[in-house]
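Each of the next two complexes has subunit A plus one other chain: subunit B in the first, subunit C in the second.
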Partner chain A sequence: MMILFALLGALVIASAIGVVALRHPIHSALCLVLNLVGVAALYAMLDAHFLSAVQIIVYAGAIMVLVLFVIMLLNIKVEQPHRRGIILTLLATLAGVCFLGILAPLFYRGLRGFTDHSSKIEGTVEAFGELLFTRYLFPFEAASVLIMVAIVGAVMIGKRHQQGGSK
Partner chain B sequence: MIPVSFYLTLAALMFTIGVCGVAIRRNVIVVFMCIELMLNAVNLSMVAFSRTVGNLDGQIGVFFVMVVAAAEAAIGLGIIIALFRSTRSLESSEASELRR
Partner chain C sequence: MEILVYAVMLFVLFNVIMGIASINTWVERKGSALIQDRIGANRAGRYLDSDLLVLKPVLPVIRFLGILGVINTLLCDAVKALFKEDFVPQGVSKFLHALGPFMAVFPVFLAFAIIPLAPEFVLFGEVIRPQLAPLNAGVLFFLAMGSMAVYGVAIAGWAGNNKYSLLGGLRAAAQMISYELAMGLAFVAVIVCYGTLDLYEMVNRQEGVWGVVYQPITFIILFIVGMAETKRGPFDLPEAESELTAGYFTEYSGMKFLLFWLGEFAEIGLFSFLLVLLFFGGWHLPFVDLPEHAWWAALIGHAILMGKVLFFCVLQIVLRWTLPRFRFDQLMKLGWKYLLPLSMINLLVYGALKAGGWLTV
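Moving on, here comes the complex of A and B:
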């Protein structure tokens, strides 16, 4: 179990670094797919079976296909290195390390009060659906309205504007 | 059994990489993907907490984050295409004015 976690963790971190570090957007997108699949496997290890499947179907299946489609549609060139690039990269990495330094003690000190109820719950479709359609029914319906609005908004934004006059 | 703090550390690392990516990269599509990376890091920590606390509410939260991420992808990519049409590039520094 521990070895599996270490392997998946290494995969997830390496592919996340790949997303940021690789020059070509296509390579970044493929690294992100790898990352999402790794996270889905971690969900499965955490007994969140339904979320693991949804992660693959929605994220790796739908969203990333959309992203790759846009990248190929726009035919992007490789990003040119910038003059201030090195300094900016160093500063951003420094900021990231500081941020991590703030987070890390929280995890080790703040978690001591937790009692671990591990392995009592399982995110099966049955348990998930029951909760989603009873206590979280209203947010669920609101989410469907949100998706509808997003689709209409995407169509409006993507529409070509006519010359002269807003149509 | 793997302690929850391992998952949280992994999530923190992923989130930090995402933050650095947003700061470093200038291609708006890569910035978008880094935002997805951060969302995933938060999702991972929520699933880990959900198991630790012992109820499914955290996983429901992750589900809604995924819904919002899907909506964000539709709108965000639409905006990226509109941006490319008006400026002919995807540099985030090119998009410095609001009017066309």
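Moving on, here comes the complex of A and C:
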């Protein structure tokens, strides 16, 4: 179990590095897919099968659209390396370190969950649904309203564009 | 012991997939010939003659298979594909070019893991459920694999470095993403109806009445969407040969080319399995009561299931060779303007029925 976790973890981290390090947009997007599928596999290792399946359907599946955008809208060329300013580099490094600092305690607690099976997460669909509709009802409903607003907004913008555009 | 059971199950499942894919290949070749009033493949093996004593008794069988075209479609084509030059066009990423066909086949095979092949049976005092992955998430796993299958064709289309390939890949991706929405909503309606995500449980709920009786609309939606997701039938625009040469696999040859076909034919089998398990009672037949937990009953159940699956495979192939191809705007219209609202209303109706307590399965 520990070996599998180590392998998956290595895969996830390597593909995450690949997303930012690779020069070609398509390769980066595919690395992102690999990363999200790896995270789904980690969920499956925690017996959260529902979350794992949803992770692949929602996240890994949606990256496809990103890939399509890369193919259709961008010039299919290798990105040229360009120099960034020193201040920007410093700021980015600082932000990264701060983010890592926030994540570190979570990471420590999460690692214990993998080795300590007494604190197993209840990941069945039933348990997940019950949590979603009792304890997390408000965030769940708020998120659905937000998504609904985004859908309506997209339709409105698309419609206006059509009217103003070619006739 | 457990590992042995799983190994045997894996072996059986792999053979089921390959068997269905082979039968589909043969039905496609010979069936399309029948439909188009041609003779079709009937040469290879027909005139086979040998003085070998071992071959003598089976010679008539081989000749008969040759006339039927089985040897031509299953043996000769596979061997031919294996020995063909593996052509890689210039200026493409070799890795992505190889990844394309692999990604087209891999999710389909993986999705078969949730398919139960027969009713439970007792062997050596142990209850064995012939389902490789009895996941709690059940059919959601199938949806997940469906969304991964898009990558295969899109990568293949892009890695061809050819305008026809690219157009085919884009068409395939647009088509699959569009129809995935209706498919997901139809699946939710099925889940609401049965109140479970496990395919095995769903089959058990249909012991008296088949699911198609009280969810006919869901069945029709899933059947249409299934044909669109396999990129076949009237929905084969991604490989429309009159416009795009061969679509997303234009730049593939040999075994890589054959892998796309393997994935496609296996996917036909996968969707037939799903339709049968969700709507046509799986291994149940009306007026036939199989005893529980007997190994021979499991075998009969498996035979019944496979019979139904083959019926739907053949039905899909016959439809593919009968109906003319859609135009792309018609395809998008059907997906977004008809199937998606229909599946939404369908889901609402079943939700209301379930909440009102009128639907007890």
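Definition applied: the second predicted complex is superposed on the first by the 99 of 167 C-alpha atoms of A that agree within 3 Å, B and C clash if a C-alpha of one lies under 4 Å from a C-alpha of the other, contacts with A are read in each partner's own complex, and residues count from 1 in each chain.
By our rule, a contact is a pair of C-beta atoms (placed from the backbone, for glycine too) under 8 Å apart; a residue touches a chain by one contact, two chains touch by 3 or more.
Small disclaimer: the values here were computed from a predicted structure and weren't measured.
Trainee: Between subunit B and subunit C, whom does A:67 touch in the aligned arrangement: first, second, both, or neither?
Mentor: A:67: touches subunit B and subunit C.
Trainee: Which partner does A:145 contact after superposing on A: first (subunit B), second (subunit C), both, neither?
Mentor: neither
Trainee: According to the stated criteria, A:30 is in contact with first (subunit B), second (subunit C), both, or neither; which is it?
Mentor: The answer is second: A:30 touches subunit C but not subunit B.
Trainee: Does subunit B (first) or subunit C (second) touch A:125, or do both, or does neither?
Mentor: After superposing on A, A:125 lies in contact with subunit C but is clear of subunit B.
Trainee: Who does A:54 touch here: subunit B (first), subunit C (second), both, or neither?
Mentor: In the superposed model, A:54 contacts both subunit B and subunit C.
Trainee: Applying the document's definition of touch, where does A:3 land relative to subunit B and subunit C: first, second, both, or neither?
Mentor: A:3 contacts neither subunit B nor subunit C.
Trainee: Quick one: name whichever of subunit B and subunit C touches more residues of subunit A.
Mentor: Ranking subunit B and subunit C by residues of subunit A touched puts B first.
Trainee: Can A:20 be said to touch subunit B (first), subunit C (second), both, or neither?
Mentor: After superposing on A, A:20 lies in contact with subunit B but is clear of subunit C.
Trainee: Output the subunit A positions appearing in both contact lists, the one against subunit B and the one against subunit C.
Mentor: Overlap of subunit B and subunit C footprints on subunit A: residues 50, 54, 67, 71, 123.
Trainee: Spell out the part of subunit B that touches subunit A in their complex, as residue ranges.
Mentor: On the subunit B side, the touching residues are 1-2, 4-10, 12-14, 16-21, 23-27, 29-30, 32-34, 36-37, 40, 43-44, 47-48, 50-57, 59-60, 62-64, 66-75, 77-82, 84-85, 90.
Trainee: Spell out the residues on subunit A that touch subunit B in their complex, using ranges where they run on.
Mentor: Per the touch definition, subunit A meets subunit B at residues 1-2, 5, 9, 12-13, 16-17, 19-20, 25, 28-29, 32, 35-36, 39, 42-43, 45-48, 50-51, 54-55, 58-59, 62-63, 66-67, 70-71, 73-74, 76, 79, 82, 88-89, 91-93, 95-97, 99-100, 103-104, 107-108, 111, 114, 116-121, 123, 127-128, 131-132, 136, 139, 143, 146-147, 149-151, 153-155, 157-158, 160.
Trainee: Which positions of subunit C touch subunit A when the two form their complex?
Mentor: 93, 96, 135-137, 140-141, 143-145, 147-148, 150-151, 154-155, 158, 166, 169-170, 173-174, 177, 180, 184, 197
Trainee: Give the list of subunit A residues in touch with subunit C in this complex.
Mentor: Where subunit A meets subunit C, its residues are 24, 26-27, 30, 33, 37, 40, 49-50, 52-54, 56-57, 60-61, 64-65, 67-68, 71-72, 123-125.
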